[in-house]
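Shared between the two complexes below is subunit A, which has subunit B as its partner in the first and subunit C in the second.
Right, the complex of A and B next:
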């Protein structure tokens, strides 16, 4: 029996995530419309929007994955409700601090806040420390949440079991559900990158409060920044995968997926690959040791094996020539995996050093990460939200709007992403508030991208209304 | 336009989507016998192994083409010093003093000569991206404070080449640019 309190907290997460998502999409559309000269924003306003858009998106889809994993983990182990609530409160406070530092203080160093830019790009002096403190508040809340979930799993499973190492011997006596294995691998990765964020913040605060007496090394800080930023953005996808491993077969009316020796090996290797793939962000820093650059390419390639190889094949096996009970939830999972694969292909192309030489920081970068987020991770979480909101409802969805919702998401998503990919191949820079006239396609592509993103937004609004109504009912229901 | 990259992506994307759509349709088909996939675990093992081999081949072909190894064994005949700062590029045929940075008004290089750009930054991180006369991105490196990145390139075609900042560097990032001529 799922505790009533956990249902209510999860409902609150769902509503907050969807609300913040709608706001963040609108900020994104405004950016594309400005790039297309349809509206006129000042560069400071544009880059402030860009900073808020990036960091809010990362935050909400990370916590969406965590909330889903926490909810399902209760099936296997008892999770800490106070840790869940602390994470929720810290996330809200962190986002409000972030918005104050950006919208009011005009901090606009981008969500990657690459040193030493945070010390130079704000209109109010207090905006930089407030921004850094907002990251600290988010990080502390998330760290407590991750550690509590890891501790919960370790109370039931031994260290060897939680990593599924018993499958490396013949005839394993105990079972580790794939959900537990993937959650553990992912949470350890997240804790590691959050600890890197702690070091990063300490170094930045040291320079800020020493008033220049202590000066950081730009290359070290860049490595730390992407170790944190890339890893957390990547791990949030794996949180979604953990949910799919648990729910896809269940919703489709099929037997649960099982862990095998190579599934265990693949996911254990992922922990290493995922923590070293971030080096691909520094390919164009030629002073970085060459060994790390090559490691970056190899890790980026190999990270796709367990995640894509195992997951995609498992989905294909589950569906191929098998009667499936298709609902909106497992359709979202299925299309999400497809979007994630396509985004992964764009990512592997960009993670190839010789391609990165002509793609780095062009529109190809937002093209591929928006693919596996907007058409992958978002759909994973929407699938969970939809399934969750119907779990405790007496009424079943009439599904009248299901096809329409999916059409808006897929049609809007493809058009919005195509504009990015074509722009990337056409060498159009990313993160430009306005495009120079020498890029004749840039403004047209921006308008096309903004228009299709609006169609995608309509789909999200339909989901938002439908799911939020049910979640609000759960939130204010008396019984469990 | 880098058509080869776009076409490669489109081919891979279309193949992947086609497989997904096909598999989806088999689950909707009325005449299926719900047999599922025979020997699924064994097939999955081979699928992963084949994927590993393809990725290894792709890596071994592309890694030697990385910019770090291009012209590594040759001596550049021309050195251009670059100091980036918010929001312009200082370029000179001589070393640039960071305390009083001054550049040359015009930079010219010969076609087919090996040029080395020694790129640094005087403030924040910048990008140093070279666009050919048709505004196609052909080479780049980062301009990082405290470090000098050495970018070697041989320009085949004469013309006016543009430099754009590709690392977000602040409110006027989008207008930070420079140029040089290849004779």
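Right, the complex of A and C next:
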């Protein structure tokens, strides 16, 4: 029996995430329209929007995955409600601080806040420290949440069991549910990248407050930035996958998926390789030793292939020539996995050193990460939100409306992404607030991208209204 | 002749052990890098009228800014440059242009200077004066300061590398070894040099520490910091595991 308090907290997470998502999409559309010369934003406003858009998206889809994992984990172990609430409060405070530093203080160094950009003059002197503090607040809340969930799992499972190492021997006596294995692998990865963020912030604060007496090493800061940024952006996808491993079969009316030796091996490999894949962000940093560049390419392949392989295999086995109870939730999971795979392929293409010489900092980069986020991770979480909101309601959804919502999402999403991919293949650079005439296709593609993103937004708004109504009911219900 | 050479030798020895690589105005080699040098009209000691761009078009140029009445770094700079270039056998595609930044210097003064260093007949070397010295040194970022007490300029020992397109591709402040001159010759010939680190006293936790004498990088503390999060998470995992199970036992 899921505790009423957890239902309410999860409902609150769902509403907040969807609300912030709508705002962030609007910022994204405004950026594309500005690039297409449809509207005129000042460069500072454009980069402020870009900073808010990127960081808010990362934050909300990370917490969405965490909220889903926390909710389902209650089936196996007792989770800490105070930790969940602390994370919620810290996330809200962190996002508000972030928005104040950007919208009021005009901090506009991008979501990667690459060194030494944060130390350049912003509109307000307090913008940089407030921005750094906002990241610190978010990180502390999330770290507490992660540690509490890890502690919860370790109370029930031993270290070997939680990583499913017993499957590497013959005839394992104890069972580790795939959900527990993937959650643990992911949470350990998240803790590691949050610790990287702690070191990063300490170094940035040290430079900021020393007033020039201490200067950071640019290579170290870039490595730490991507250790944190790249890893968390990937780990949040795995939170969604943990949910799929638990719910896909259940919603489809199939037997629960079980851990096997190859599932255990694939996910254990993923833990190691995902922590070293970030080196592919430094291919253009020629001071980085060549060995780390090669490790970056190998880890990028090895981090994505085993996890994707076993997940796709499991889904194909589950649906191939069998009768499936298709609902909007498992359809979203299914399409989300396809989006994740396509985006993953785009990422692996870019992470190949020889290709990166051509694709680096072109629109190919937002193309692939928007694919596995907008058409992957977002759908994982939407699937969970939809399932969650119907768990505590007797009303069934209208099938026609479901099809319409899905159409808007898929049609809008594909068009929006295609504009990015074509731009990337045409070597159009990313992060330009305005495109010069040397890129004749850029403006047209930006308008096309912005238009399709608007269709995607309509789909999200339909989901938002539908799911939020139910979640607000749960939030204010008296039932246990 | 002998006197003119002994003094520079003593000065070189002094500089190497005391003020090695120490410029008067801090490390500013990066100032105006990749900017176009002012195309100053110049008069060579053979009377030829030309300009920096025209000279650079023929061969990339290393510019040494000196003045003939200098009792300080100018002679050691030229002597060291001459010796280092003699050791360089790899790439001869360059010209050295010695330009006076003192408006009192005339062609005969520069001719005398070339003669003293036995460089008047060396095809790699040109000695010249210009009437646009202020614009030239301003485009380089070179700031000599006149000291009225000693009647001398307070200035850096500066070499400026200019490629065939007239861009400043590298600067060397102070008396530098032949390896660094090789890098400069490579740079003005548009040969890509991966990296070298500018020295800085306040940079802690570098991933690599560059040794300007050996020209090699050694792993630094920063690399350890990149590995630290993974080590800390393993420790954290072990601590949480111990903690939750001890609590259960209690």
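Note that in this section the second predicted complex is superposed on the first by the 479 of 480 C-alpha atoms of A that agree within 3 Å, B and C clash if a C-alpha of one lies under 4 Å from a C-alpha of the other, contacts with A are read in each partner's own complex, and residues count from 1 in each chain.
By definition in this document, a residue touches a chain if its C-beta (ideal position, glycine included) is under 8 Å from a C-beta of that chain, and two chains touch if they have at least 3 such contacts.
Bear in mind the structure is a predicted one, so any value in this text is a computation, not a measurement.
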Room on subunit A for both subunit B and subunit C (clash or fit) = clash
After lining up the shared chain so the two structures overlap, which partner does A:287 touch, if you call subunit B first and subunit C second: first, second, both or neither?
-> both
Is A:217 touching the first partner subunit B, the second partner subunit C, both, or neither of them?
-> both
Report for A:262: first if it touches subunit B alone, second if subunit C alone, otherwise both or neither.
-> first
What's your read, subunit B or subunit C touching more residues of subunit A?
-> B
Tell me which partner A:110 touches in the superposition: subunit B (first), subunit C (second), both or neither.
-> first
Partner chain in contact with A:99 - subunit B first, subunit C second, else both or neither | neither
Name the contact category of A:355: first (subunit B only), second (subunit C only), both, or neither.
-> first
Quick one: classify A:317 as touching subunit B (first), subunit C (second), both or neither.
-> first
Classify the contacts of A:168 with the two partner chains as first (subunit B alone), second (subunit C alone), both, or neither.
-> neither
Where does A:150 make contact in the superposed view: on subunit B (first), on subunit C (second), on both, or on neither?
-> second
If the two structures are placed on top of each other, which part of subunit C overlaps subunit B: 3-11, 129-137 or 183-191?
-> 183-191
For subunit A, which residues lie in the overlap of the subunit B contacts and the subunit C contacts?
-> 217, 219, 286-287
What part of subunit C is in contact with subunit A in the complex they form?
-> 194-195, 200, 202-208, 220, 222, 225-226, 228-230, 232-233, 236-237, 240-241, 243-245, 248
In the complex with subunit C, residue positions of subunit A that touch it = 147, 150-151, 154-155, 158-159, 188, 191-193, 195-196, 199, 203, 212-217, 219-220, 223-224, 227, 275, 286-287
Going by the contact rule at the top, pick out the subunit A residues touching subunit B in the complex.
-> 43-44, 47, 108-110, 114-117, 120-121, 217-219, 222, 260, 262, 266, 283-287, 290, 293-294, 297-298, 301-302, 304-305, 308-310, 313-314, 316-317, 319-324, 326, 334, 337-338, 341-342, 345-346, 349, 352-355, 357-362, 364, 421-422, 425-427, 429-436, 438-439
State the interface residues of subunit B toward subunit A in the complex, per the touch definition above.
-> 1-3, 5-6, 8-9, 12-13, 16-17, 19-20, 23-24, 26-29, 32-37, 40-41, 43-45, 47-48, 51-52, 55, 58-59, 62-63, 65-68, 86, 123-125, 127, 129, 131, 135-142, 144-151, 162, 164, 166-175, 177
